[in-house]
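Please go over the structures that come below.
The same subunit A turns up in both complexes below, where it pairs with subunit B and then with subunit C.
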Partner chain A sequence: MSADLLTPAIAAAPGVRVRRRPVTLVACLAILGAALFAVLFGHLLFPNATQVNVLASQLPPGSPGHLLGTDQLGRDIVALSVAGAASTLIGPLVVAGGSMLVGTFFGLLAGFRQGKTDFLLSRVTDLLLALPVVLLGLVVAGIFGASYWWTTVLLIVVFTPYDIRIVRSGVIEQVTKPYVEAARMLRLSSWRIMFRHLLVNLWPLERTNFLLNYANAIIAMSALSFLGVGVQEGTANWGRQLIDGEQILFSNPAASIAPAVLIIVVACAVNLLADALNADDRKAVRP
Partner chain B sequence: MTLTQKAELAEVRADSLTVTGPAGDIVRGLSFSIPLGATLGIVGESGSGKSLTARAVSGLLPAGLHATGTVAIAGTDVTLPGSAATWQRLRGRGVTLLLQDPFTSLSPTHRCGDQIAWTLRAGLRAGLRAGLRAGLRAGLRAGARGSVRTMAARGTGDRGTGRPSRAEIRDQVALHLEEVNLPAAVARRYPGELSGGMRQRVAIAAALAASPRLLIADEPTTALDASNQKDVLDLLARLQAEHRMALILISHDLGLIRGYTDEVLVMYAGRVVEEGPTVVLGKPVHPYTAGLLASDPPMDRRLERLIVIPGRVPEPGHRPPGCAFADRCSMASEDCRTAEPPLERVADGRAVACFNSHIPIAVPDPAVVTERWQRDDSPAPILHVERLVKIFAGRPALSGVSIDVGDGESVGIVGESGSGKTTLARCVAGLEKHDSGEIVFRGTMLTSDNRTASQIQVVFQDPYSALNPKMRVGAALAEALRTAPVNQRGSVGDLLDMVGLPQAFARRYPAELSGGERQRVAIARSLAPVPELLICDESVSALDVSVQAQILNLLSDLRQELGLSLMFISHDLAVVRQISDAIYVINSGRVVEAGLTRDVLHAPAQDYTKRLVTAVTR
Partner chain C sequence: MAPLTDVMDSADLAPPVRATSTAGAIARLIAWRVVGAIVLLAVISVLVFLLTYISPGNIIKNITGIRPVSPRIVAALRAQYGLNQSLVMQYLHWLGRFLEGNWGRSIEDQTSVSQLFSERVGVTLLLCGLAFAAAVLVSVPLGVIAAVRVGGVLDRLISVSSVIGLSAPSFAVGLILLYVFCYYLPIFPSSGAGQGLADTVYHLILPAATLAIGVGAYIVRLTRTAMVRELQSDYVSFARARGIGTRRILATALRNGIIPVITTMGLVLSFMVGSTILVETTFTLPGLGMLLQSSVEYKDFAVVQFLTLFFAAIIVLVTLAVDLSYLALSPEWRWQLRK
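== the complex of A and B ==
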């Protein structure tokens, strides 16, 4: 009863929330907005970003017309970084989205059905979790060639088991609640209970997990690109820039530092956004 | 020290306590004083502000709420909200809050002994600081006379006694457990291994470990069985006398705590509407107090209709001008709706905030039902359960339970928590699979695949988790209606009407409803498939007494209108008396006594039933 008492006070004013650090949220949204802009319009801003210009190779930072200098192929680091946003950020989005969809489906199934279905799905999950990502990436690249979309599919496969586990545990927590039992009493179909009742109540979990996965996927894809598995040589991509920049680390360190900083900043922004949304959720929930 | 100072040290006081939230005042201008050794009861429905009062007085308001006013606890004055350091010093030795739910107020991953030891150590540390300060002061005085050595000696002396050894702590914990009638071995147990009553005792032991001057018990017995309720209240009363502390007992049930308080303060919508010595409040002057007292169901007779306070407590920010209770009051006049009645002292130390306090309250005397019901011995009851057995992890929860529910009959299943009554309900409902025995419904044996929604429905205990929080009331009811046989399918409007809710509620989310309203929606949903048997699993025990009476009346109306059969599971005998024709008393998974409700409750044959009957405090 004491807990119920607090409801009216908070329910009556849903708009009034005490935001302690809106600065973080605004900064994250600004960074992600800029990243989105680069993804959408980067190729229009710098249509010649990947064009080789040996005459201007390995210019140091601060050279006229090249703020961060150029790499060994004479490509401007700023232009390359802006143009590289698309290939660096779209793939991970597909990875996070894809693993969320597949993970949610099987997670719901395992958590709700339990018994044999759960056992089977959980063992497959365990098996997938045991696979070493990098090795798998190299093998896949060996078989299908180093393709961007094959890497994306590979990462979906690698990320999905975590999603299955998280969704499954969320479902198991919800499934004993009376509102689910009431739905069972009404003899509603399993699908309806899973997708109409459980899924909406898993949304905060799904959203947070999606964002965390996205940040992880950016790093994983960049890492695979660094190993030469993700994207083709010559493509504008932050991970690719890291591997190319390594060779000229001393003549133009900006060629490595710029993409590295970009990866870190975007991944952090996504993580902090997930945190901020979560904190808001906790406040909105009645005490 | 003057006399008045002495008096102040010997009491706990709050002056013009106000709690403000985003939507406006939640508690307004509350004042009280309790001498050490006395008990103040704070009574009111959910939403009246009683729990927030408790939290404001212990410095534990949730974020977003702000308190003003002053609190004086045994000589320490705090101007609210008070700094974190002030409360840190005061909590434990000054004031302790005992919470309602012993299942969540103790840490599940720490042993009970450790949790008592925490408060013990915190109390000792606070004592040490106080001792050091006293030592320093004494030392300074001595220093003025030229002796610095005294100061040093005092300081170290206190520090020496302030750090007890492990063994000393263990002995102390054992003493504190003994005080609440628990064996010392409980110290090594985890809360999950104890029953609800035992957990609440551990919580009490932990609360008292630092010897507070003021203990605030917020609904300390609401989560407990009747037999445990009485024990815990008796225990609190005894410990209060022994420790000579002030006790604030908060409850929605005036009848329950009446015997344990010296003064009572009745709150409604954040204000005190009536206060005075407990004996005086036995004859209420404010209609709200009268309503609270009258809605408590009696155990010795069955009433035609329970007396209710219609409507619900208005939310902060939505309180009407004038008297906040006017909309629910049968005596309200025009004045009540325009001006707010001030809290005025009347005779016998009573204060009341009502313009009509001079008019005596006519408490309606509800008609008593003569229970003529005879059990239907016809060969085809609607539900026949035969030797049902259910085993959980090797432990039998039901060991051969047989019951019958006749057509149109209301059958009560009573017993303490852990007796197996809820397991029985869940097996009958099909939410658990029984291990052996038969469940026969209208002549057909029920298995897990041949059930339909229109046979049996359940109304659960907790109205807060029984509705999908992300689904509007209308959508939830519409979904349930689709499971009804086509020719009997009603509309969402009909359902809302049936449970006494306005049509506009279809567009609301559960979070926008009060507990009682949610339970009405849950009942409406369970009625949508037109079931023949309704199982109420403790359906009213999470509700305020006033709301409980409303829901009980609703259930008996629905029974008559729809010819429903009812299986009513409850630990509250007075509630069962009001709703059930026949009862089964269950203990340790077995039926120990069965018969007509009237007969069993008037003349229980078994010791277990006798114990349940005598444990009822009202």
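== the complex of A and C ==
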């Protein structure tokens, strides 16, 4: 290693990417736009996506009329994948939104009140963090035979501790700032300080965390569908397509590779969007 | 983490004067951590125990599975499982049996859970060990390179790859690898765990690579963040100003930078446990993860309860061990010991 190796590390500002072309941002937004289109209009474009057609079973990719072939039930892979966007992407959105709301409420409470409230909340958080999301989801949703929406609720419960922790640490950092002290001097109620003053300043944190949670929720929920939990058999869903497709991996690889790639691409786009917005933020703050 | 920083701060301010109180604080902290871990495990065990009671359907059905049972057998089972006792007594008996190593029998074929466990634990351990070793060997150097070249092309490349690695669920990666290396370029077996050590390792290469991608991406991020912070700290600038070689500076920075990476080992382990369920299912490996998946499917309560508690115990104990070793390795604690 040459001596000048260390120079960039010292020259650059904390964690900043020196020059970030907006290419990543545009690509992410394009991918998410396409995904949104599929979520909103997928069922209109392919109303018969889940219809079984035994005559066209396991056609390989490139078959006439079926660009990516069909699965063992004769369902067209392209149609199934487009129609599957809704059930793959809406549940996780609810998970990320729900855990953000609940997590913000309790995180503010824990960080601002501290003391007993904080202690109690932190112990509940520890309990939920002791087990991996996939294991908790598999055992609880699997044993109870949870439906799609109950699985969503379960994931909100499992994701909330992370939100509580992050919001709590954000609040603890903010509480010492002069504006909070000023608000306290004015004898504003603690609820007003928490939800009018602190909340605004937590926004960048919340936004990044929401996006990261969304990506993780997409992965977690497809993982559960892949394990046969949360999504009924026969539903158009990328995780479900993966287990069904694995059985015919060698006769029509597209049946499972297509949804696998879709999950990776969408989760990546969400994660990179979070990174890009974060970098912009840091640039904006710095003079 | 808050109590820990308190101790460190007070130690930094006045170590000689407050020596005894610092030692006392550390001892109290250790005691708290141990008690906390025990309480956590106790609560988890209660929840796991209650799983059979709050799950839908009749408790006897949950024990016997879907086979038809006569009233006589129901009565015998009620007596055998102590279902006529209070819930608290039942829990204590269950816990007692569990701690003795009597983990019950699988409802599927009446094999004892301990036998199922010992048959399967090897594959999972080997899989996680291989994946962890590969992930650490590749990711720590990559994280350091990215941190050294922060903002550069290489850093961007490594950072973006780590995001992709984190965004790619292990089952999706596994399926793609399965197709590429078992069908397109058939060099690896597609399922099973093989016979004998060499063959088993050969069967585990693809699953371990799948697992390592996720874990590795996580470790790259941790290492990069920690190293960027270290390389920007004053002691690095001063060391450079004094003309100390790059190699030595990097070695020192790495020794400091690796601490936050080690303290998150509990999270890494938790991540691996979750992923190993998916990877084993993808590659049909007869390990603990696949056992858990199939027992949930068949509502095999004894197995599900045992495995859940087993994984929770491992994660809680490793987190505790990491916390304690961090304390033991902290300079302040060493200083106390030397005295």
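Before moving on, here are some points about what is shown:
In this text, the second predicted complex is superposed on the first by the 255 of 287 C-alpha atoms of A that agree within 3 Å, B and C clash if a C-alpha of one lies under 4 Å from a C-alpha of the other, contacts with A are read in each partner's own complex, and residues count from 1 in each chain.
Note that contacts are C-beta pairs under 8 Å (C-beta built on N, C-alpha and C of every residue); 3 or more make two chains touch, one makes a residue touch a chain.
Since the structure is predicted, the reported quantities are computational estimates derived from the model, not experimental observations.
Of the two partner chains placed by the overlay, neither subunit B nor subunit C lies in contact with A:Ala30. When the shared chain is aligned, subunit C comes close enough to touch A:Gly145, but subunit B does not. Shared-chain residue A:Lys177: touches subunit B; no touch with subunit C.
When the shared chain is aligned, subunit B comes close enough to touch A:Asn201, but subunit C does not. Set side by side, subunit B and subunit C differ in how many residues of subunit A they touch, and the one touching more is C. In the superposition on chain A, contact is made by A:Met185 with subunit B only, not with subunit C. In the superposition on chain A, the residues of subunit A contacted by subunit B and by subunit C overlap at 1-2, 5-6, 8-10, 12, 16-18. Listing the residues of subunit A that touch subunit C in their complex gives 1-3, 5-6, 8-10, 12, 14-19, 24, 123, 126-127, 129-135, 138-139, 142-145, 215, 219, 222-223, 226-229, 242, 245-246, 249-250, 253, 256-257, 259-261, 263-264, 267-268, 270-272, 275. Residues 1-2, 4-13, 16-18, 177-179, 181-188, 196-197, 200-201, 203, 283, 286-287 of subunit A are the ones touching subunit B in the complex. Residue ranges on subunit C touching subunit A, taken from their complex, read 36, 40, 43-44, 51, 55-56, 147-152, 155-156, 159-160, 163-164, 166-169, 171-173, 175-176, 178-179, 183, 225, 228-229, 231-232, 236-237, 240, 245-247, 249-250, 270-271, 273-275, 277-278, 281-282, 292-293, 296-297, 299, 301, 304, 308, 311-312, 315-316, 319. Looking at the complex, you find that subunit B touches subunit A at residues 21-23, 26, 46-52, 54, 62-65, 99-100, 218-219, 222, 250, 252, 315-318, 429-431, 451-453, 456-458, 460-462, 464-471, 479-480, 483, 511-512, 515, 522, 525-526, 528-529, 542, 544.
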